[in-house]
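Listed next: structures, encoded as structure tokens.
Across the two complexes that follow, chain A remains constant while its partner is chain B and subsequently chain C.
Right after this comes the complex of A and B.
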């Protein structure tokens, strides 16, 4: 997991191909260490992720809860299997999706 | 004659694995189901669903059934029967409580919960899910229907 802060936008790049229960605790620790200022705009670059389970999803929900009130979060480049989990769990009502980083950046007004 | 239960031991099982109860090994269970389902002819989205359901079920065994103990084992069996790809996970850990099995539905979720979605995801990702405890073993069946063959066009 990598973090970039650029002009009011926090970009979180998911670097592993799996975001699952075996990786969730270390990912959550990385968020605790790196997301400290309640960002209002977050872009999750999920292009590398091939598989996500409910524990991985829990990590992203934790990130959502670290954001400031009225914040906006966009997931870019998610594969169908990743999007599917958000649909099943109805979290696609909170997380927005974009096909590319450029589109996501635009959607976040950055 | 009474038909055999899909949860009973099946001599026609095509794949049977014994897995260590650690989260790193859960990916192997998912990969085995993915490869088998692909060979059996499931469509891509159904394969994704069955892999996810298997991983959620295996996570439950490791984290809740065995309470995180990594020195236990559970079994994974995969076969095709009656037009379904069937995955059976069996373990000797704690049984899933009835109250947990029966709730919550997806409509009742708090979107801010970071956990507790596994069983509902399993249900959403399978055409049929059954759970029982037989002779000291918990058995969870996950079934996904194969697509119907296309009719001949001549």
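Right after this comes the complex of A and C.
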């Protein structure tokens, strides 16, 4: 997981190809260490992720809960298999999706 | 068992009294406890009656010679190490090889040179101490292993008992009447984070739920156990009660500090089985199977316990006579084979569509067999469960 503070938003790049039960605890630790000032707008670059499971979803929800009220997350570049899990679990109503980083930045109004 | 640095117990066998006396003085001078025997047979009997670390034996003796003595000793004492030093006049290589063959450890040449004797005893002492250390470590390992084995059996038996308790919560299968049901329940670890129930309400309707707690193992199983008891007494009067029921669960579950959440389908079946009202909360999409067709019910809301303040709503699904509603955990669709390929929704839907004629118990058995064959290795990574609700076909009540 890599963190970039850019103008008006926090960009989080997911570096693992799998975001599952084995990776979830260390990802949560990384979020606790790096997301400190309750950001309002977060862009998640998910292009590298090939597989996500329910524990992985838990990590993103954990991030959402760390954000201030009215916080907004846009997930960019998610592959179909990843997006599918968001659809099945109906979390696509909580997270917004964009095909590209530029589009996501625009959607976040940054 | 001897302590590590106890003096060596040495038996010296020789038919020459003078040599026996001289060796005894020398070996005792090296801090050893010494006994003597005047021939091979006497030595063998003394060895049988005591615990010796070292045998110093002459080669040629009456009754039983050195070589036969060593052969007999090695045959009898397989467990406890005995360090054997053979005394011989400077001999041909062939003679010494005979000693090696019967597992003599060292040779002393006659006349015995005290410094060689001291070297031989010092070397014996190091080997015997190593043997004692090894024996002590083996005893400790065996004891630790026995304790670990006992603990494992205890945990295993506790888990088995917990698994039986959890299974006893599941409803009896119902294979007759206007509305029937059957289930599949395969915990990955004996106990499961999945659970399900279906029970009658007063007016002939039935309330059912199927849920899957995130994570695996004992924490998830405990949570599913408590949710089972929380949900089972629910008695919604109509579809409008289902959403608020899940909203209350969602509010209660926000306090879970471990961040565990669960996915759920719960609902009510009409007394005649003609319709089902259900809420889907992050759970895999239920499948409606009828006459060879299988379709997914996509309506739903996010999992329970993830985010506060979410709204949940019920949808109505009509069940034609002979139709089945199948609710399952992601352990089925995400069950992966050796190549990492998942069983998947399409395969499950195809199976359910193709086996509409199969009676419920056979359907459940067939799916279990199919999953095990697909998986190809022993056991499942995630808990597997499924609830099938069927409206009886016309003329089949």
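Methods note: the second predicted complex is superposed on the first by the 110 of 110 C-alpha atoms of A that agree within 3 Å, B and C clash if a C-alpha of one lies under 4 Å from a C-alpha of the other, contacts with A are read in each partner's own complex, and residues count from 1 in each chain.
Methods note: contacts are C-beta pairs under 8 Å (C-beta built on N, C-alpha and C of every residue); 3 or more make two chains touch, one makes a residue touch a chain.
This structure is a prediction, so every number in the text was calculated from the model and none was measured.
K.L.:
Do chain B and chain C fit side by side on chain A after the overlay, or clash?
P.N.:
After superposition on chain A, chain B vs chain C: clash.
K.L.:
In the overlaid three-chain picture, which partner chain does A:80 touch, first (chain B) or second (chain C), both, or neither?
P.N.:
In the superposition, A:80 touches chain B alone.
K.L.:
Thinking of the overlay built on chain A, is A:91 touched by chain B (first), by chain C (second), by both, or by neither?
P.N.:
The answer is both, since A:91 touches chain B and chain C.
K.L.:
According to the stated criteria, A:18 is in contact with first (chain B), second (chain C), both, or neither; which is it?
P.N.:
first
K.L.:
Looking at A:65, would you say it contacts chain B, chain C, both, or neither? Reply first, second, both or neither.
P.N.:
Both partners, chain B and chain C.
K.L.:
Who touches more of chain A, chain B or chain C?
P.N.:
Counting contacted residues of chain A, the larger count belongs to B.
K.L.:
Mind checking 39-47, 93-101, 183-191 or 291-299? I need the stretch of chain C that runs into chain B in the superposition.
P.N.:
183-191
K.L.:
Could you tell me which stretches of chain A are touched by chain B in one complex and by chain C in the other?
P.N.:
21, 53-55, 57-58, 61-62, 64-65, 88-91, 93-94
K.L.:
Would you mind writing out the residues of chain C in touch with chain A in their complex?
P.N.:
Residues 214-216, 259, 261, 263, 280-282, 284-285, 300-303, 306-307, 330, 334 of chain C touch chain A in their complex.
K.L.:
Give the list of chain B residues in touch with chain A in this complex.
P.N.:
That would be residues 22-24, 26-27, 30, 44-45, 48-49, 51-52, 55-56, 59, 62-63, 106, 109, 111-115, 117-118, 120-121, 124-125 of chain B.
K.L.:
Of all residues in chain A, which touch chain B in the complex?
P.N.:
Contacts found on chain A: 18, 20-22, 51, 53-55, 57-59, 61-62, 64-65, 80-81, 84-85, 88-91, 93-94.
K.L.:
Once bound in the complex, which stretches of chain A touch chain C?
P.N.:
21, 53-55, 57-58, 61-62, 64-65, 88-91, 93-94
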